[in-house]
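Before anything else, here is the set of structures, which you'll find just below.
Next come two complexes, and both contain subunit A; in the first it sits with subunit B, in the second with subunit C.
Entry: the complex of A and B
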């Protein structure tokens, strides 16, 4: 949880989750805007496969003195098959009207068109899907330090192994 | 018949339980250029996707022989490695990999060899110049935010870099302005000259064909090849339409 106490303070929350078989990744964050002109950015990507469940909860509270504040929440999910699940649960408590609040949630599936396109250039189905998943998380991984970004892509590759059968 | 590159016989294809191709026959010899014309919805793109191994197009009957090997029901990545290439009517956007890295990894997959970055970059730059592509596109994510024309050029760029023995071009010229069509045609000519592979061109227009010697023209109507002819058939169709081939 972040409390934006001072005027003009800001915070960012960035997250990537990968829920595999038997997992229920229930994560979230909370931001409280107290000072004036404060801003918060929440940006998450969740990936679920097999019977994995990704749940992301966000709570944004804007107090009555936090005039001119801004909050943007964007949650995107990618489901790799028909039995995976993804839920986004936003909560907002806004007590002033001079604010700019944005919330966006998108849920998508791996596109057969993209898989076929990549395979038509010689990529295996497994590599094609791993590339699509990395690409999905890309604008988040770009914010990570290089070593973490490399590690994340390795993890995605590892998670994607054996998904094709 | 050793130099037959493609032999399709009695091909029946179903999409979502609906039969689209109803027994199609087609033969191409190595290095030949064939044109396929036909009204919208006739099954031209279906043929291209099926040959390339799109699993959504289910082959219920018939056979596809490519380079002397039966590839009926084979997966797209294997067919690609055997030397077939499809230039898509609507190329998709793929965030997370640059155009340059994508082509290099495709080449490495195909040849099974490591490719030196320096040599690769030089060839890529040279080829992009032929296609009037700004070099900055090489470092942009594959097709992401490219205009329609740039996407089609990126397809021809891949054709020139991957050097397949058979290239299927699905309406590569549709929706392009005059200059872009000329550039794309030059790219195709370059492919003919330097690679010498066979071409199966699906098109509605003659502009893209002007600099090519066409060996045969096929008319595809309602999931079947209904007529075969030579280069002159293209102009005839452009003047009179498909009227005489219907029913």
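Entry: the complex of A and C
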């Protein structure tokens, strides 16, 4: 939870969750805008596979004195099979008129056309899907130091092993 | 007068309690009369009076607690259409006398038929009391129900508007709502998209002023394959108004190929307003596409600059953009008389 108490303060929350077999990941963040001209940016990605449950919940609260505040919330979910679950529960509580709040969310699956294209370029289906999932979480890995980003991509590749066939 | 409190409009997947957005509590008078609506029934629509509440066992937006408000109703008017009826079924609810009353109606749209229903809820400007209307529907195969609801209620009236129903294969439920006044308004809508390729379209516009409250809960329950829903809500909050918008797209397992989209656009006109928005996507099916978006706040600076450069002052711009939100939904009403009714009402409000 972040409380933007001071004027012109800002926060950014970037997250990725990968809910695999037997996992129930309930993640999210809360941001409270108190000071003037505060800004927050929330960007998350959720991936669910093999009966994994991923829940993203957020709350953006803008108080009456937080004039000129801005907030942007974006959450995207990727479903890798039909035995998993993904829920997005973003709440916004705005108590002043001088604000600019934007929110967008998307949920979907891996496009068959993209997998087909990558396979036509010589990749296996498993590698193609792993590449797409890595790309989906790319904005998060960009924020990480190189060694952690490499580790994260390796973990995704490991998680994706055995998802085909 | 003794009252009971009823908790309605539950969020299908609750979030933190401190946000006070998981449900709504409404004070309901202990004794409620059964209200009989005025009606204009086209030739191909038949009416039957059922003792007690509706026979339709469908979930509504208020949830199970809706029965605490509408359960004791004396009679339910059930309307059934045969064929495609172009003329609207008009139901007029005049709550001017301040009575505490409820009304329940059923709409039955059999296979390959179409029905247009216009419900007009109104009262005197200083109308008071409690009123509730519960509308249930069953839409058959390749059938379509368009429900238009216009609300022009008094400044001291609490209104509960509960809607629920099911759509069979390729059936469509279209809801057009304009909420233009009322002290406390609670709206719940639950559409069960059970049939393959069934769809639910909601277009909603509101103006909430003074210390009025608008509490909404829209649920699209996807169980059929290739089902679709679109929920559009746009509105304006003024003075110390409070608004809660809950919009849920629930992709149940098995609804492969389903799509859902919900968009909310709120214009905040004054400093004391409270806006709470929670657009949910619940998903337990892989092959779906769901999106939601919300824009809350003041007008875009570029837009303001452009309009000011055309000679409009700030107040005029905000009034124009507020009116535009309502007009956009008003223009979707497939009935000229109803559109004129809304335009006249808005014109009068602007003069006042």
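The definition used in the following text is that the second predicted complex is superposed on the first by the 165 of 165 C-alpha atoms of A that agree within 3 Å, B and C clash if a C-alpha of one lies under 4 Å from a C-alpha of the other, contacts with A are read in each partner's own complex, and residues count from 1 in each chain.
The definition used in the following text is that a residue touches a chain if its C-beta (ideal position, glycine included) is under 8 Å from a C-beta of that chain, and two chains touch if they have at least 3 such contacts.
Source: prediction; values computed, not measured.
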**Prompt:** On subunit A, do subunit B and subunit C fit together or clash when superposed?
**Reply:** fit
**Request:** For A:131, decide between first (touching subunit B), second (touching subunit C), both and neither.
**Result:** first
**Item:** Touching partner for A:88 - first (subunit B), second (subunit C), both, neither
**Value:** second
**Item:** Touching partner for A:22 - first (subunit B), second (subunit C), both, neither
**Value:** neither
**Prompt:** With the C-alpha centre of subunit A at the apex, what angle separates the C-alpha centres of subunit B and subunit C, reported to the nearest 10°?
**Reply:** 100
**Prompt:** When the two structures are laid over each other on chain A, which of subunit B and subunit C touches more residues of subunit A?
**Reply:** C
**Prompt:** Can A:97 be said to touch subunit B (first), subunit C (second), both, or neither?
**Reply:** second
**Asked** A:59 contacts which: subunit B (first), subunit C (second), both, neither?
**Response** second
**Request:** Go through the superposed model and pick first if A:117 touches only subunit B, second if only subunit C, both, or neither.
**Result:** first
**Message:** Just to confirm the value: shortest Cα separation between subunit B and subunit C in the superposed three-chain model, in whole Å.
**Reply:** 13
**Prompt:** Where on subunit A does subunit B make contact in their complex?
**Reply:** 111-114, 116-125, 131-132, 134-139
**Request:** Please name which positions on subunit B make contact with subunit A in the complex.
**Result:** 49, 52-56, 75-77, 79-81, 85-86, 88, 91-92, 94-97, 102, 105-106, 109-110, 141, 158, 162
**Message:** Which stretch or stretches of subunit A touch subunit C in the complex?
**Reply:** 30, 55, 57, 59, 61, 64, 77, 79-82, 84-109
**Message:** Can you tell me which positions in subunit C touch subunit A when the two form their complex?
**Reply:** 13, 15-16, 19, 21, 251, 253, 256, 268-298
